[in-house]
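Structure incoming, see below.
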Amino acid sequence: MFSYTFHWNQALKALPQMLDGALVTLQVALLSMVIGLALALALTACRLSGNRILGGFATAWVEIARNTPALFQIYMAHFGLGNFGIHLSPYTALLAGIAFNNAGYLAENFRGALKAIPDTQARAGRSLGMTPVQAFRYIVLPQMLRIAFLPVTNQMVWAILMTSLGVTVGMNTDLAGITQELNARSFRTFEFFAIAAIIYYLIAKAVTLGARLLAARMFRY
Amino acid sequence: MIEIQNVRKSFGSLEVLKGIDLTVNKGEVLTIIGGSGSGKSTLLTCINGLEPIDAGRILVDGTEVHAKSTNLNKLRSKLGIVFQQFNAFPHLTVLENVMLAPRKVLGLSKEKAEENAVKQLTHVGLGEKLGVYPTRMSGGQQQRMAIARALAMSPEYMLFDEVTSALDPQLVGEVLDTLRMLASEGMTMICVTHEMKFAREVSDRVAFFHKGVMAEIAAPEALFGAPKDPELQKFLAATH
Amino acid sequence: MIEIQNVRKSFGSLEVLKGIDLTVNKGEVLTIIGGSGSGKSTLLTCINGLEPIDAGRILVDGTEVHAKSTNLNKLRSKLGIVFQQFNAFPHLTVLENVMLAPRKVLGLSKEKAEENAVKQLTHVGLGEKLGVYPTRMSGGQQQRMAIARALAMSPEYMLFDEVTSALDPQLVGEVLDTLRMLASEGMTMICVTHEMKFAREVSDRVAFFHKGVMAEIAAPEALFGAPKDPELQKFLAATH
Amino acid sequence: MFNTALTLADLGFLLQGALMTLAVTAVSVTAGTVLGIIFGVVRNQVGPYWAAPLTFVLDIFRSVPLLIQLVLANAFQAIAKLGWAPFTTSCVVLSLYTAAYCTEIVRGGISSVPPTTRRAARSLGMTWWQDMRYIVAPLATRVSLPSWIGLTLGVMKDSALVLWLGLIELLRASQVLVTRLQEPLLILLICGAIYFLISFPIARLGGYLEKRWSND
Amino acid sequence: DKLDDVIGSGTLRCAVVLDFPPMGSRDENNNPIGFDVDYCNDLAKALGVTAEIVETPFPERIPALMSGRVDVGVASTSDTLERAKTVGMTIPYFAFEMAVTANEKSGVKSFEDMKGKVVGATAGTFEAIALEKQVKEWGAGEFRPYQTQADVFLALSQGQIDATVSTSTVAQANVKGGKFAGISVVGKAPFDTDYVALFTNREEYGFINFLNLFINQQVRTGRYAELYEKWVGGELPDLTAKGVYR
């Protein structure tokens, strides 16, 4: 059936290089999550603020992030902004694209989590003499983080997977970029991409597992 | 002293409190009974300032609750309130639940707050449950914790809103016992309740609410023994 | 006739039924009382074949329920069962809830099934609610619908598992009335219940379960009037 | 920006791309849903232990970037001389990808039906199949539909990646036009707007159904 | 074998890259045109069959061949030894010289000026590999690979990169096309000539033989020069390397 002979040993020679790429992948994903979380909190605050302009801005952000392809968002960050003379390096464009996407999805998660916490919780806090800010900070927020934890973990996995789209804006230091370059040189597509797939799988699993351990420690109720 | 003067309150077009006048003295135990939707809970949340009122005044020790100048957060630490739903904070242990507000609102040190919390929890019989998360406790225990949490703010008045109605019948007793204990210790209390036996036994006065109006108020013997209001007669006939 | 012969049943290491012997005759009303976890519900689900048993036999009109050769689905249409939770099918109207099984299991035509369903629903007092979705009805109404749904299969036996315990107190009456009506019509029934007054009034015999054992069985006057088993004495003392 | 060289024919070309996006999505979502229902029921029925191999395989589809999956599958079909067109390869990969997510949705939907309700159905003499067909399926559908719509939208957006295999879908069509006309911003904005126009109404429908079904 | 198969089936399917003007691109009706497209048509005519153009992005050329979706690649593919381990290459059918194109604002006037600047090229191409190596040697500046030639020029015109090395034909076509403001060809890159070959499956010797002869005939009959003039223009590149066979 196969007239194709696999050249695994040659492909494996590139493994160290690919592992270096995996580190970059992880770095971009982590950074994009940190930025995404901060932005999502801000967007959530905007949506709760009752201010029309802020609320509309946040809603537009969330809807665009959720209703267009991530590839499109990254492409826009590089070539779309480039049109205005705003030049993001491939690394920054990729990071910006994913962070934009993350923020949209996470803000939506936060909104769902907030809805899941009964009003009576904040009310109970207020009845003990807490200010609205104290009630949010000590009662609502910790519960919200717990509810949102799983979706946040999922988003982190998504962020890792999305980094592979960096190749479209000239990113050549992450796992997908390096794999693509090795492939273009030798045409050994199957071998290189199979190795990349395994590395991605392992990273994703490690993140999920780590999150689960963290959750077990953090949320003991 | 809590003075309620001609208080009116509507939700949209629904008038829920239609001019309530009521004074509760220091050390008194007042029980409020009445049908569903008669405005009992609303009155309690108005006393506490959780809801604005449309007309009238509510004075707590001479301070007007709904005046702009009133520091509500400070006032509330004087007025403990416990609701039908237990409202335990699920992410905190029992001890942390009780310590939180004294630390953040009263600014107590960790040690002081803990000492006080342990005292209150022991008082309501939860001295063994300090490190437990509320979700692992029965409803009755959660409700007693909520009482301890309110007591930890050293309130001068306690408002109880049907604190036993969300409980399984076998757990009602332990919570009522806690209320009896507080009453016997001289706490000023307003209790909304459906437990007639309890009301009879513990109250100094009992008020009957009907459709936003306080239809009758009297000592328990008089109110239960010789009800005057026809609605109250109906109500008592239906409840037993 | 339902014959239960030395039935044993464990969940993992927990023995829930420790050798039960019991015969229920055609036309009899048997009530089972007992503390929580004593195995009452488990026995009912075993009679119905919803749970396998570990030892012993259960015969319904001579057919062994747990024999491999038994067509359980056919047998079950003979044995109506109603549970504590109402278990209405929320996506179907009241009428559809009652029609579904007769059509799909008994293969009745739509007209026949509808005619029969309307009859049963009218019988339990829900003749006006045919097109309503169950989520819009009170618990008591949902429970009566569940009874009508079981009756629509024209069962020869009815098993009731604490059908009133999930209901608000004011709704208990309407469901018990339905059971009384069925009993008076001569239906063979096994009722697990906590309503002692009802048990006393309606049963031919009452059985008391304790920790997987049938500790006492007697006519209601004897069992409530002169309980012999010490656990039963305790149980009756606690319930009132 | 408004003196554009973009012609009506070019807009038609973009719409053709959008049609390709829709076609790939429709095929993949349909096939993926059927597979997802089968896998979901199997997983529920055989228990976590026996389902472990299936769970593992499906998990791979959710843990490897789609781009990598597409390229890998394409290289594989090449090596195995299957002779699949890019459209076929794309649909196969996207179907399995959809199925992997759909399985979870179906499983969640089925387990959301209270066991007591299913027990009530069985106690009326219904068979396993009748219980599934008349009780579980309608109830699980209500619970699952919003997430299923979310999945459909996700697949539609992710389908942009099939451009890698040379399929001219919406994003690729815009790139072709950008290459020729050199008006990246305008063309990309139009492209984004088309994506938005396709997905927003579906997302709204999902939200509407969720709201409608959650208050009864 | 494949030669018989193609003649038997009556169609020749060519992998062509269509964002690589003037070798392959699209006209106003978005139909394929270019040197490679014409070359494929000639090949089909020589075989007595009709041609079918299968658009393939650069990374997709080999899978398309391996899976039997195309018969031959007419896709400006550099004949590197690395790649010859995987597919069968013919003799060169075209040769590219490398040119430097720069954004006018960047101040790059020659190949040497690129030192320390941000430069880019199409990922995996001959010039990209050479340029990346050069940037490493310089030890200054940054190299960015893009997935398509179009993206490289887009980035160049936006100023995302300062200069690029590409085949001179591509450079001329893009600069002349007038679509990109502010870029110009500033000189040659001192890289080896990039010989590109047709390719097909490694084991199809009969077909490779035919292709080799066809390429030879194209030059002999003057058709090569004709196509070159039509699509590129200027001095005709020599397809032979001095001092060695093949």
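A few notes on this one:
In this document, chain identifiers A, B, C, D and E correspond to the written order of the chains, with residue numbering beginning at 1 in each.
Going forward, contacts are C-beta pairs under 8 Å (C-beta built on N, C-alpha and C of every residue); 3 or more make two chains touch, one makes a residue touch a chain.
What you see is a predicted model; the values in this text were computed from it and never measured.
By the document's definition of touch, common neighbours of subunit A and subunit D comprise E.
Ignoring subunit A while keeping the rest fixed, chain connectivity by touch breaks into the groups B | C, D, E.
Centroid analysis (C-alpha atoms only) places E farthest from subunit B.
Its C-alpha atoms superposed on subunit C, subunit B is turned by 180 degrees; the angle is given in steps of 5.
A separation of 42 Å divides the Cα centre of subunit B from that of subunit C. Here the spacing of subunit B and subunit E, counted between their Cα centres, is 83 Å.
Per-chain Cα centroids separate subunit D from subunit E by 37 Å. Separating the CA-averaged centres of subunit A and subunit B is a span of 47 Å. Annotation for subunit E: residues 59, 62-63, 66, 154 touch two or more other chains. Counting partner chains per residue, subunit D shows two or more touched chains at residues 71, 74-75, 78-79, 81, 178, 184. Pairs of chains in mutual contact: A-B, A-D, A-E, C-D, D-E. Taken in their complex, subunit B has these residues touching subunit A: 48, 50, 73-77, 81, 83, 85, 87, 89-93, 100-101, 104-106, 133-135, 146, 149-150, 153. Note for the complex: subunit D touches subunit A at residues 60, 62-69, 71-72, 74-76, 78-81, 153, 157-158, 160-161, 171, 178, 184-185, 188-189, 191-192, 195-196, 199-200, 203. For subunit D in complex with subunit E, the touching residues are 7, 9-10, 13, 71, 74-75, 77-79, 81-86, 163-166, 168, 175-176, 178-182, 184. Interface residues of subunit D, counted against subunit C in their complex, comprise 114, 116-117, 119-127, 130, 134-135, 138-139, 142, 216. Interface of subunit E with subunit A (complex): residues 58-59, 62-63, 66, 80, 82-83, 85-87, 120, 123-125, 129, 142-147, 151, 154-155, 158-160, 203.
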